[in-house]
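Before anything else, here's the structure in question.
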Amino acid sequence: MLNTALANIPWEDRPAGTSDVVWRYSRNPIIQRNATPSSNSIFNSAVVPFQGRFAGVFRCDNKKREMNIHRGFSDDGLAWHIDNEPIEWLCDDPELRAFEHRYDPRVVWLGDRYYVTWCNGYHGPAIGIGYTQDFEKFTFLENALLPYNRNGVLVPRKINGMFCMLSRPSDNGHTRYGDIFLSRSPDLIHWGEHRFVMGTKKGWQETKIGAGPVPIETPEGWLLFFHGVLTSCNGFVYSFGAALLDLEQPWKVIYRGGPCLLSPQTTYECVGDVPNVVFPCAALYDQPTGRIAIYYGGADTVTALAFAMMDEILDFLRESSEL
Amino acid sequence: MLNTALANIPWEDRPAGTSDVVWRYSRNPIIQRNATPSSNSIFNSAVVPFQGRFAGVFRCDNKKREMNIHRGFSDDGLAWHIDNEPIEWLCDDPELRAFEHRYDPRVVWLGDRYYVTWCNGYHGPAIGIGYTQDFEKFTFLENALLPYNRNGVLVPRKINGMFCMLSRPSDNGHTRYGDIFLSRSPDLIHWGEHRFVMGTKKGWQETKIGAGPVPIETPEGWLLFFHGVLTSCNGFVYSFGAALLDLEQPWKVIYRGGPCLLSPQTTYECVGDVPNVVFPCAALYDQPTGRIAIYYGGADTVTALAFAMMDEILDFLRESSEL
Amino acid sequence: MLNTALANIPWEDRPAGTSDVVWRYSRNPIIQRNATPSSNSIFNSAVVPFQGRFAGVFRCDNKKREMNIHRGFSDDGLAWHIDNEPIEWLCDDPELRAFEHRYDPRVVWLGDRYYVTWCNGYHGPAIGIGYTQDFEKFTFLENALLPYNRNGVLVPRKINGMFCMLSRPSDNGHTRYGDIFLSRSPDLIHWGEHRFVMGTKKGWQETKIGAGPVPIETPEGWLLFFHGVLTSCNGFVYSFGAALLDLEQPWKVIYRGGPCLLSPQTTYECVGDVPNVVFPCAALYDQPTGRIAIYYGGADTVTALAFAMMDEILDFLRESSEL
Amino acid sequence: MLNTALANIPWEDRPAGTSDVVWRYSRNPIIQRNATPSSNSIFNSAVVPFQGRFAGVFRCDNKKREMNIHRGFSDDGLAWHIDNEPIEWLCDDPELRAFEHRYDPRVVWLGDRYYVTWCNGYHGPAIGIGYTQDFEKFTFLENALLPYNRNGVLVPRKINGMFCMLSRPSDNGHTRYGDIFLSRSPDLIHWGEHRFVMGTKKGWQETKIGAGPVPIETPEGWLLFFHGVLTSCNGFVYSFGAALLDLEQPWKVIYRGGPCLLSPQTTYECVGDVPNVVFPCAALYDQPTGRIAIYYGGADTVTALAFAMMDEILDFLRESSEL
Amino acid sequence: MLNTALANIPWEDRPAGTSDVVWRYSRNPIIQRNATPSSNSIFNSAVVPFQGRFAGVFRCDNKKREMNIHRGFSDDGLAWHIDNEPIEWLCDDPELRAFEHRYDPRVVWLGDRYYVTWCNGYHGPAIGIGYTQDFEKFTFLENALLPYNRNGVLVPRKINGMFCMLSRPSDNGHTRYGDIFLSRSPDLIHWGEHRFVMGTKKGWQETKIGAGPVPIETPEGWLLFFHGVLTSCNGFVYSFGAALLDLEQPWKVIYRGGPCLLSPQTTYECVGDVPNVVFPCAALYDQPTGRIAIYYGGADTVTALAFAMMDEILDFLRESSEL
Amino acid sequence: MLNTALANIPWEDRPAGTSDVVWRYSRNPIIQRNATPSSNSIFNSAVVPFQGRFAGVFRCDNKKREMNIHRGFSDDGLAWHIDNEPIEWLCDDPELRAFEHRYDPRVVWLGDRYYVTWCNGYHGPAIGIGYTQDFEKFTFLENALLPYNRNGVLVPRKINGMFCMLSRPSDNGHTRYGDIFLSRSPDLIHWGEHRFVMGTKKGWQETKIGAGPVPIETPEGWLLFFHGVLTSCNGFVYSFGAALLDLEQPWKVIYRGGPCLLSPQTTYECVGDVPNVVFPCAALYDQPTGRIAIYYGGADTVTALAFAMMDEILDFLRESSEL
């Protein structure tokens, strides 16, 4: 079992008088848009425990509105120091090394190292994979799947000897559709055995869905937070919900929560470069207490934090599930 | 003459130093988005006097973003108790009873009962009609008109023995056009004699228009508040204005105010699930004082209130009318 | 039972060596695009037996590309004389009388007269209804349903005392969706009790469908020919197929043929003002022999004829039906 | 050399602790949306020194959402009195005089008078040119270029005896493309010798760009502030940056700053009739101190002010330039 | 008066039994798509009398589908020899000389030389102007108007000392709108005094219109053939009609024929690279006999010829005119 | 070296008087649309030598317009017998076995068997791979790549031990963009190392491109015929051209022919279910004579044949190449 204790998980109790399954951190946003000199916005970012502290890979759009990913460290998961310069990726192939854009990273400890996946510009949006063991040296592996794809998220351990990745095939624009698929690989390079996981449903997830943080292993299944998009007459609205995937056949959905768990309602979620977006890319979990901390982007502009309890999430899934 | 006194109409005088014909309630929004446990947003809702108090039918989108209509009561028209569960409609035909979506209700006292009309999902948006006599038991009648239609609003008395309904034919998406028509019926089931009432005009109403609250009878004509939509480069902007329709031939427009009366300007109108929306669905009127209270949705998220005086509205129409 | 003998039905046997359920007349098109001095094209037209001969209402687009409907007569249903001037409609209401456009007529003998329905421009496409008793004097009744609607087709007798009309709600452009509904009326003026009949299906009918000729009564149900539209990467392709509707509840589909019966394949169907269109608007039936003659438009340019046998059509429906 | 001292230029020092090249006025917005009784919004407006004070031409959308341009005066460039009625233009040709819409003015002192250019409705958006000598009498000259065009900006002196105008050819809607061109004229009536100046680039200026204020002459070249538009999944985002154009061949770009200088981040830039817009139309310059004051519209709703130092802008251009 | 005799105008009498005002040459198309080794298609081309024979500038799309214009000669206006290589244009400015695309030429004798106008790629479609005196040496002048523009056609003599050009402002794609404007110039370089000439009308010209051949001077006005485009559900349909413009104020329309004169009906007009196109670019006129020969492109693939008589065209305009 | 003699390759010499590098078979189309009782159209099909005769996998759209692939045999490659029923694929996974659609097959002999690739409906268009050894039993392997993808074509031998596949990532509609990529696999199941091969270019291939037949090995490189699509104002036009890819690094383009080799010009290419399509899916090659026979679909309706000589194709590539 992968999950272990994370005693220093960032935490704040549910506000009195509310019963929401997921609640916001009262000091949101934890990272402001201009937190580094070069940044226009910092959001949709991934955080992992690292050497008793926390490390992260952050989406920083600079003032040219170039999208890239940067390294950061934190003692408490709340106050962050983020590099002003983007990560440099070691890569022998000059064509693959060329920068087009990088965004929406996820980070996962898998085997003996941290893997990073992100939306990597290669003649369109593709799923880049790289790794680091020390958050100093970062090595680019390959684009896992052909363009046009986004929201590539690795399952945090091999299953039957195979790596597993969730992704959301897309087009090369502001895609108006999108389902989640799972692909398998013996080597993180070659991917196949693609299986449909789940598609859109009416309401908050009517337009497209995509995997959010790296799934959390529970005895009952993989807990997946995922975003869903609704198209209003003023554009896309991004919310997020949860599902539980089968441990051994993670393309099989056990539960899928009917309502969303968080939708854009605060100013930092509703006002910014892209209004009405909450977009989770990382979740921390402390098994002994059941605490979950979810990092999410607000309005494609800032980084925010929300909290939940594992048992309550599982109850929510059981009670509200609609497959 | 239908209109009678409504001494307990919600009211607040025009703020000092302003001359707007319609002004906002200072404690808006009166209903917050999460006013019931299940709601994501409560807006575009209809209110009527009922047994010395007030009753209403409220559009509540739940946390799945399903759209449905709920009952509510209030002593003063300001503080509301809204049912957490949607209205259940009595209906023998299982196909008609099936729930697709219900939204944007209007309520009208007509003859011996309250009729409710709303946008009813039946293979697309259609105009559902039902009635209640006690706000306890609600009976579904029929879809008044074929899909695709929205903003069906009944005239509050028969004219020459016929029921009259305003509506706005649409398409099955976020429609980019829309004119108001009037249809007649002997029985509230079969509708015909469709007449064009009015179409779009440049400016705030350039994209589409739709009837708002149930028209208010005046000696000069039916006072109709209606919404108009402008398409900016960031989507639709919903404002509302007014017109006066002929008492006996309500498809004939006597006056049509040039400017809008209220456009989205406050935070609760500009920020929310759909930015930049004011959308009126109900108006109360106290004939002795001339006071009008208009209930409207803000940003497709909350319910707000605005006020006006009948004589000033009529003056506005006379002076600014453009047919 | 409405159907009677029609000994002089136009006819040509199935070509040797083929087994198609529906086959084309070998001398198609029977009406050329310039058959009247004013016409640019003549297509999508309706034919009925009349006084031992045949009468028809023809869609003639003139050289300005205005769309209107004209009267015509024929001795044999093959050679037609069509008026150069459009039908003049008696109508007291100047607003209803105003010409916007008229197209795609159907004609049906119902009770004591011939009713004509067509797509009537009234602030967008609506369903106009008129009648004639002698093909000399034509009276306009009303627009049966609100815009935006097309392909309004009357069932040729009342059912439980009510008139029944099939129609296809649309938008105000080249609509990309469309299902068939049935509405009922006590008086041909007021319409209600709208019921969904059938929607699109994959393949030749994936984009939209619409009723074609007036349904033919058979002991097993109403035989409805209907067109279906597929969207290729070069636009719409119109084919037609068939379904059988319940005699007493004609919104219930008994059979719906899987394949289409005729798709655009000949030059006069594939080349013209709108390539790749076959569009049926009328069918004659001779009960004693089982012969059916179907009039259809080719490429929105000319009028053509196809033939079938009733028993073969019913066999086709039984064998290929997919509901 | 045109530029002279402007000792009374509005000014506020850069806030402590920041290093932004352009910074906002702390009391923004300087003009509220309802600053005149008729106005719905006042933005995208042009200011010039005039008789020791300041005069301006202001875009005021009225409550019908008609777009027109109004005159205003100010002692300090901060507090403005704006006429409630739009400017009346002297013009002999009734067709040219007819009002369709006027918006986004620029004003420039050129030779012996102030020229005003704006987006002038003439069967679509065109570039209107007029002049005034006293801000009392305004004379319309001609539409400088054919529709569809916007953002016509005059270079503030003749070059080789020719007037020079920057413009951005468009379509007749919410255009999704747009490059800057320069045209020349002997008489301000007839324009030719059109040269491409610069086009879109990835990031904040990926969709379209357009000249902002009248260019400022410096020994190194014309300093041009220009807006750039990015298309997010919720619509257009307008930022602005800078470029330096060759003094004698102003269609040649010497420097073009990579990042934008100001993007929508404050509430009055992100919330309003069109969310996420900063749109500069005028800049004042005091050569002795190097101070620059930039007037810009916020959210197509209000008028705001930002400041910069000439030497810092030129440094920024040199250091970040990407051609 | 410019028009003179052209005794050797190509000609064929109207076919017996028809009364069309414009009729096709029986041996159409006169130029096949592969008439030169490099050509994929030859169409939308301009012809003038030259030294007792005929010369022309031809749109030849090559097998890469690059669009360019080529020179050709003919003895009789029917059999043509067209250069396999495109015209080389003398031009000092390397930016203007660069080839992007050239298409849809018109040629006119004006003063002392032949001017050629065409749609010239310069950061989008613009109106290129060049001239030749001998059809050997061709000199490029300038782009007359900013992009995005097409169908630039010179009036064949100066009016009040000014050159006059008709054009059709467009966007940078397959434009869905388009009106005809007239601009004036003292020098063929700088253009201004833009006036609206005419816009779209319902039917065959509902989507866009554009000037066709160089106008023919008659005592009553300039005879302008122009194309009009209708949007069917399978794309654009190009027909052409005629109008008469005021001799001294050619932006004033005297007559505008209601119906089109020729619409795509033959195989070589309905089948080809772009189905359903007739597009005229040149007309010859023999004043003594009144004969007119119109060169037009068929289906954007071949060149065809049609004939008319001047008096009949003028009668047609008088009788059918709709302004 | 894979290529061997194919003495019975279908063949017809180039017509006298022409110099086209690719020429059509004079008896085209070789397979009519109704060649099987169930077919609406037969096109975009793949042919291979098989046991001294020829076998093929044919795209047959049935009369429901369902797209599926059928087996066929021929003695001479010209006259074909095609099964009326589609191929049944052996597959254990019921989800993968489910039929959504199958179209545009390619067949290649690779190692010890024939592999078939096609566009396989799996929650959108994906690349299905299966194999057969005897054209009797067909086994489904997997979807090679995630949706949305089309035109998956295997290189006919392993390179450095890896299978190589060309494909064209797409969206889920009538995609308006598309480049060719190459992916590698150790097992035909898991694919990675994705490399960009080539993208669109102006002219006949401006909208999208896709690999056609299985590449033919030559000493100089892999000869790839590929289709290119141009968007006219009446939809897509499909032509085909050729390129030469590096033998060992087939994502490197050695030559890319500038013009297309065949564009839709005949009736069976310009008229049919999708006008203006030539779409090659298979090529036979007889090395000793240099003869090439290319099978291609015409108008998405029929199957046609064209011929070429290898040395002429290579000369064409060398002379016209534009990278």
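Letters A, B, C, D, E and F name the chains as they come in the text, with residue numbers starting at 1 for each one.
By definition in this document, a contact is a pair of C-beta atoms (placed from the backbone, for glycine too) under 8 Å apart; a residue touches a chain by one contact, two chains touch by 3 or more.
Just so you know, these numbers come straight off a predicted model, no measurement behind them.
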Exercise for review: Give me the fewest steps it takes to get from subunit B to subunit F if each step has to go to a chain it touches.
Suggested key: 2
Review point. Over half of the interface residue numbers used by both subunit E and subunit F, so same, or under half, so different?
Key: different
Study note, to complete from the structure: Greatest centre-to-centre gap (Cα means) from subunit C is with chain D
Revision key, fill the gap. Chain centres from averaged Cα atoms put subunit B and subunit D apart, in whole Å, by 41
Revision key, fill the gap. Taking each chain's mean CA coordinate, subunit A and subunit C are separated, in whole Å, by 55
Revision key, fill the gap. Cα centroid separation, subunit C vs subunit D, in Å, comes to 58
Point to revise | Shared-contact residues (touching 2 or more other chains) in subunit D | key: 234-235, 271, 275-276
Practice item. So, with touch as defined above, which chain pairs make the list? Key: A-B, A-D, A-F, B-C, B-D, C-E, C-F, D-E, E-F
Point to revise | Residues of subunit A defined as touching subunit F within the complex | key: 95, 122-124, 126, 142-149, 167, 169, 171-172, 175, 177, 179, 181, 183-187, 189-196, 199
Point to revise | subunit C partner contacts - residues on subunit E that touch it in the complex | key: 19, 202-204, 206, 230-235, 237, 258-260, 263-265, 267, 270-271, 275-276
Revision key, fill the gap. Subunit D contacts subunit B in the complex at 33, 37, 40, 62-66, 174, 234-236, 271-276, 300
